[in-house]
Amino acid sequence: MSVMGAPDGRGRFGEFGGRFVPEALVPACLELESAFTEAWADPAFVAEFHQTLRLFGGRPTPVTPLARLSERLGLRVYAKREDLAHTGSHKINNVVGQALLTRRMGKGRVIAETGAGQHGVATATAAARLGLDCTVFMGEVDTRRQELNVFRMELLGAKVVPVTTGSRTLKDAVNEALREWVTCVADTHYCLGSVMGPHPFPWMVREFQRVIGDEARAQLEDLGVGVPDVVVACVGGGSNAAGVFAGFADTRARLVGVEAAGGSAIGHGAPGILHGMRSMLLQDEFGQIEEAQSISAGLDYPGIGPEHAHLAASGRAQYVEISDDEVLDGLTLLSETEGIIPALETAHAVAWVAGAAGNELAPGATVLLNLSGRGDKDVAQVRALMRGGG
Amino acid sequence: MSVMGAPDGRGRFGEFGGRFVPEALVPACLELESAFTEAWADPAFVAEFHQTLRLFGGRPTPVTPLARLSERLGLRVYAKREDLAHTGSHKINNVVGQALLTRRMGKGRVIAETGAGQHGVATATAAARLGLDCTVFMGEVDTRRQELNVFRMELLGAKVVPVTTGSRTLKDAVNEALREWVTCVADTHYCLGSVMGPHPFPWMVREFQRVIGDEARAQLEDLGVGVPDVVVACVGGGSNAAGVFAGFADTRARLVGVEAAGGSAIGHGAPGILHGMRSMLLQDEFGQIEEAQSISAGLDYPGIGPEHAHLAASGRAQYVEISDDEVLDGLTLLSETEGIIPALETAHAVAWVAGAAGNELAPGATVLLNLSGRGDKDVAQVRALMRGGG
Amino acid sequence: MTTLDERLSAARAGGRRALVPYLMAGARPDWTRLLEAAVAGGADALEVGLPFSDPMMDGPVIQEAGLAALAAGTTLDSVCAELGALDLGVPLVAMTYCNVVYHYGLERAAGRLREAGVLGTILPDLALEEIDSWAAVCDAGDLATVLMVAPSTPPERVARVAARSRGFVYAAARMAVTGAADGLGDGVAVVERIRAVSPVPAYLGIGIASPEQARAAATAADGAIVGSALVRRVLDGASPEQVETFVRGLREAIDAP
Amino acid sequence: MTTLDERLSAARAGGRRALVPYLMAGARPDWTRLLEAAVAGGADALEVGLPFSDPMMDGPVIQEAGLAALAAGTTLDSVCAELGALDLGVPLVAMTYCNVVYHYGLERAAGRLREAGVLGTILPDLALEEIDSWAAVCDAGDLATVLMVAPSTPPERVARVAARSRGFVYAAARMAVTGAADGLGDGVAVVERIRAVSPVPAYLGIGIASPEQARAAATAADGAIVGSALVRRVLDGASPEQVETFVRGLREAIDAP
């Protein structure tokens, strides 16, 4: 397997990945695997995917040279602007792909899990656009924390189901979506939100997201930058990182994934099995999954996509951590110097670049920062945090 | 003067426009007029403008065929997606232009007025990007209604000054910004937010916004649609409408501007002089300016850009009204059928298209809808309105 | 000690329809007494849940029991220690999720479970494609790997699943996670599909809640698995005697002529 | 009735430095008594504000007075009616914004004002480039159009503004809207620039608040305009006597040897 090529027949990236699901879901995963494999080899489907992203999703997103930030840090920083994609983050790439595939499979409904609501809103968006029914599972705690995103999904015609089991957050929303999927695989596709879950999801989602890296590679070429020294992205499940890394896996660019310190599956986790995949997971000494703790809902996941576990194990990518404290500085730095308020998730990557400038990152190094999403969704929270208001 | 060409030497579009400002501001207006005229004729400036919009602002924004809405309405509707531009609306086009011009004029600071905060956030954004100081005047009532936008501006490094005079809303913010400008014209540019104010603002802002129409014209050509039957846009001050109309003024396309019923300067106003311009204004029998009343803050302006007053007088464009009641239906219609939650402002244009389908708009008519901005900013308000929660 | 296959085949040969109640280890401090009560009520084998934080195949009732067990500090070790001290006289099958045994270590987990008297395991998130390493360890350690056949399992796959399953095949009566329901769902068809390709006993579970359902299930298949309906009673505070009575009701329905 | 030019030139020829207090019509029910008090205190002419909803050249004090006047129902007609009934003995200059007179109709407004005894107008938002139609009407109706020169007005433009101004030129002491301030700002330079190109009297205003400033202004220029400092007192409830006293203080400072 080439670096960031397709996984093996069992959906493995090295030791990680696989398909650990109840028998009831195996046929659906197999169906999905063959449907995706076939669709992705079909130029008509690929063209439809790219056309939908172009006409509806706002692609290509630009690569923006960040002159003032660069000067401040003594680096040459470029941002891949997923914040400009429809619905405000890279999430749209994946959901457009999966929604088109759902239609191609002859299914009329999608279900999805969501944490803060970004993937839920994106899924509801793609479903509305294609006329699919949509149900989104969201931890009850999150439905209260993010009631506006719940309302957004409802405006888009989706049904939001509060999940009252377990910790009532993202992890449990995934469980509940999987449980629901068991009951309706025949006519429903589970639109998973990151490069996680059972095979073929980690691979398929990465392929839908690789448009980020492929575009950026060409755009940096056009800008005369060529291959950057470093490509950096935040990592929750790891879809934006996988998408941008995919464009540079075969280059000499250093790949850096930035996890939230409180959700650092590579940094603090151990191999394990959850949500259909073998990967690195936060867990206790008995193999019980622990809850992640992060200022940013989108990084609040105790696992990481299996391909990242493999990239870490093989040394091709490096995974670092940023603590909640450092995140707000990253957010204000980019806002003030460049007029771009990043999502809290994205601010982890900004904070790492700022901290690494001058030491881990040599002066003048070229950095491609994947600006995975815009911060509008987080502004109320950031305000409360900065004012010490909770 | 050709339709939507440059105004005459006094900045008149027919009977409207001009420059009604205190003597202290006249030199600054003259300086701006010549700076803009010269810059706009300088290919280097124009190239920098377009490059900044491309690399930073997310242009070109796509034209999206709205298949499901079209089917629902029996029309062929296309949306120009300004909601995908950086900061979420067309406002970025204008502020990028003015910020670049500010730098070119050797000024280090911008001031701006804002109502709900969209233009303020956009101005703060462009200022941060270019390293300009920025102060935004915002009615005190609005700073309380839109505290998150105040915080956004602050994150971007801008200072927000609550305006406590008059009705403490947009109209007064303009007055206050003009008053402030009197005190600092030497080193400060007033970055006005729409096609209003004294010459050269209405012309200059329209020129910065015409990128919308120029792009859309070419994109509709590429899509095989050619010139649409109708081009429709919502109208507050009128910048997004002017921008998109400019691309089609020389065609046979019908141009329709949609005002909020409670802010309908064409529908219910009379000629008058305010904020440096002669235009159509809501005013009482004594020439006192009345407050506009609209569900959408961005249309809550008692005037309209002078060029629109002229386009209405000359018959080249038609101006219609949509009441607050109809707006929410427009918003949900587009959300559910296409996965795009429009701004409340934009929802006026959607509502007009929906209402006109089948009567004013013949079945099968091609419609270009200028999707001026995204609805994220309005979601909390819409939720409260729909739940009757106020 | 014999294997699960031997034990269950022996019963089957005697024409007996099996009743397999499910109980969650550690859900209550007296959980082992509930196992005894179930045996006294007429269970032929017991499914014992080892709690996992993220039980993706379980509905709300068994989730709740699992959380209670975890909150009480239940671990694979603590369960095995308590089970090892019992002599129930019926075979035990542990039901848990992959991560619990993988994290413990496959060989170590198999050894520890077998040592505690467990004869088989059900890991619902361990699909056929992923089973090899665990199955090898289990085969070597005389621990049966019970696999599931779902209504969605295509015929050719039923054959492979059945062939790889040990002790019995868990026939899922419906496309659903655990939880009480009505009727047998697709259970009869699932059992027929298994029967068509394999001689292995098929026990029908998922949503079997009442004596009537248990009887119908044990008639269509070789046995009935009753989980959430029993666990619900346990969570509601049923005494061991009440548990025994409930199980006896199932038993009698199954055995009625 | 004579023109503003004649009246002010006559005073100037006599060597008298003019004091021009500003008061907002309708800000208080007894506003005309305040005009009388200002005359009694020694005003040479009065600037009378006609309220406008959006007074872009005014600071907070005059804005407040204008809003109070509007709230009390003050209109161009109501002001003219009250002014017409007075005999103040000094020339009146109306200060308002374009829309008030444009909406009323230019000829009609000019006629109505002149009829009420007003000799001149200041429309601060009517720039030189836009003045022609209003100026033509005023010239025809013997109503003076007073224009402003600001510190930012370039020299060649000063000449054009001064040439087009009637009665006097309003020399703005600073780049600011109306409102009390310290010193004369750029006033001396502005007056010099006007003097260099035109014989028209120049009155200095914007931020002239105290007797000392009034004296300095009337020394540098041909007269001093005092607005916000007086209006502040009116809003704070000063009696006509107190207004008279305040104006007299300004007068005495100006006239002191």
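Lettered A, B, C and D in written order, each chain numbered from 1.
By definition in this document, a residue touches a chain if its C-beta (ideal position, glycine included) is under 8 Å from a C-beta of that chain, and two chains touch if they have at least 3 such contacts.
Quantities reported herein were computed from a predicted structural model and do not represent experimental measurements.
Trainee: Report back the single chain whose CA centre is most distant from the CA centre of subunit B.
Mentor: So the farthest one, by centre of C-alpha atoms, is C.
Trainee: When the C-alpha atoms of subunit B and subunit C are each averaged to a single point, how far apart are the two points in Å?
Mentor: Subunit B and subunit C have C-alpha centres separated by 66 Å.
Trainee: Centroid from C-alpha atoms only, then distance subunit A to subunit B, rounded to Å. What do you get?
Mentor: Computed from C-alpha means, the inter-chain centre distance equals 34 Å.
Trainee: Suppose each chain is reduced to the average of its Cα coordinates; what separation in Å results between subunit C and subunit D?
Mentor: That gives a centre separation of 97 Å.
Trainee: Which subunit C residues sit where two or more other chains touch them?
Mentor: none
Trainee: Identify all positions of subunit A at which a residue touches two or more other chains, and write them in rising order.
Mentor: none
Trainee: Touching pairs of chains, which are they?
Mentor: Inter-chain contacts occur between A-B, A-C, B-D.
Trainee: If you look only at subunit A, which of its residues touch subunit B in the complex?
Mentor: 54-56, 58, 61-65, 68, 81, 83-86, 88, 124-129, 131, 147-148, 151-152, 155-157, 331-332, 335-341, 376-377, 379-380, 382-383
Trainee: Okay, in this complex, where on subunit A does subunit C touch?
Mentor: 10, 18-28, 165-166, 171-172, 175, 178-179, 182-186, 270-276, 281, 283, 286-289
Trainee: Under the touch definition given earlier, write down the residues of subunit D that touch subunit B in their complex.
Mentor: Within the complex, subunit D contacts subunit B at residues 52-57, 59-60, 63, 67, 70, 75-76, 97-100, 102-104, 124-130, 147-154, 157, 161, 172, 175-177.
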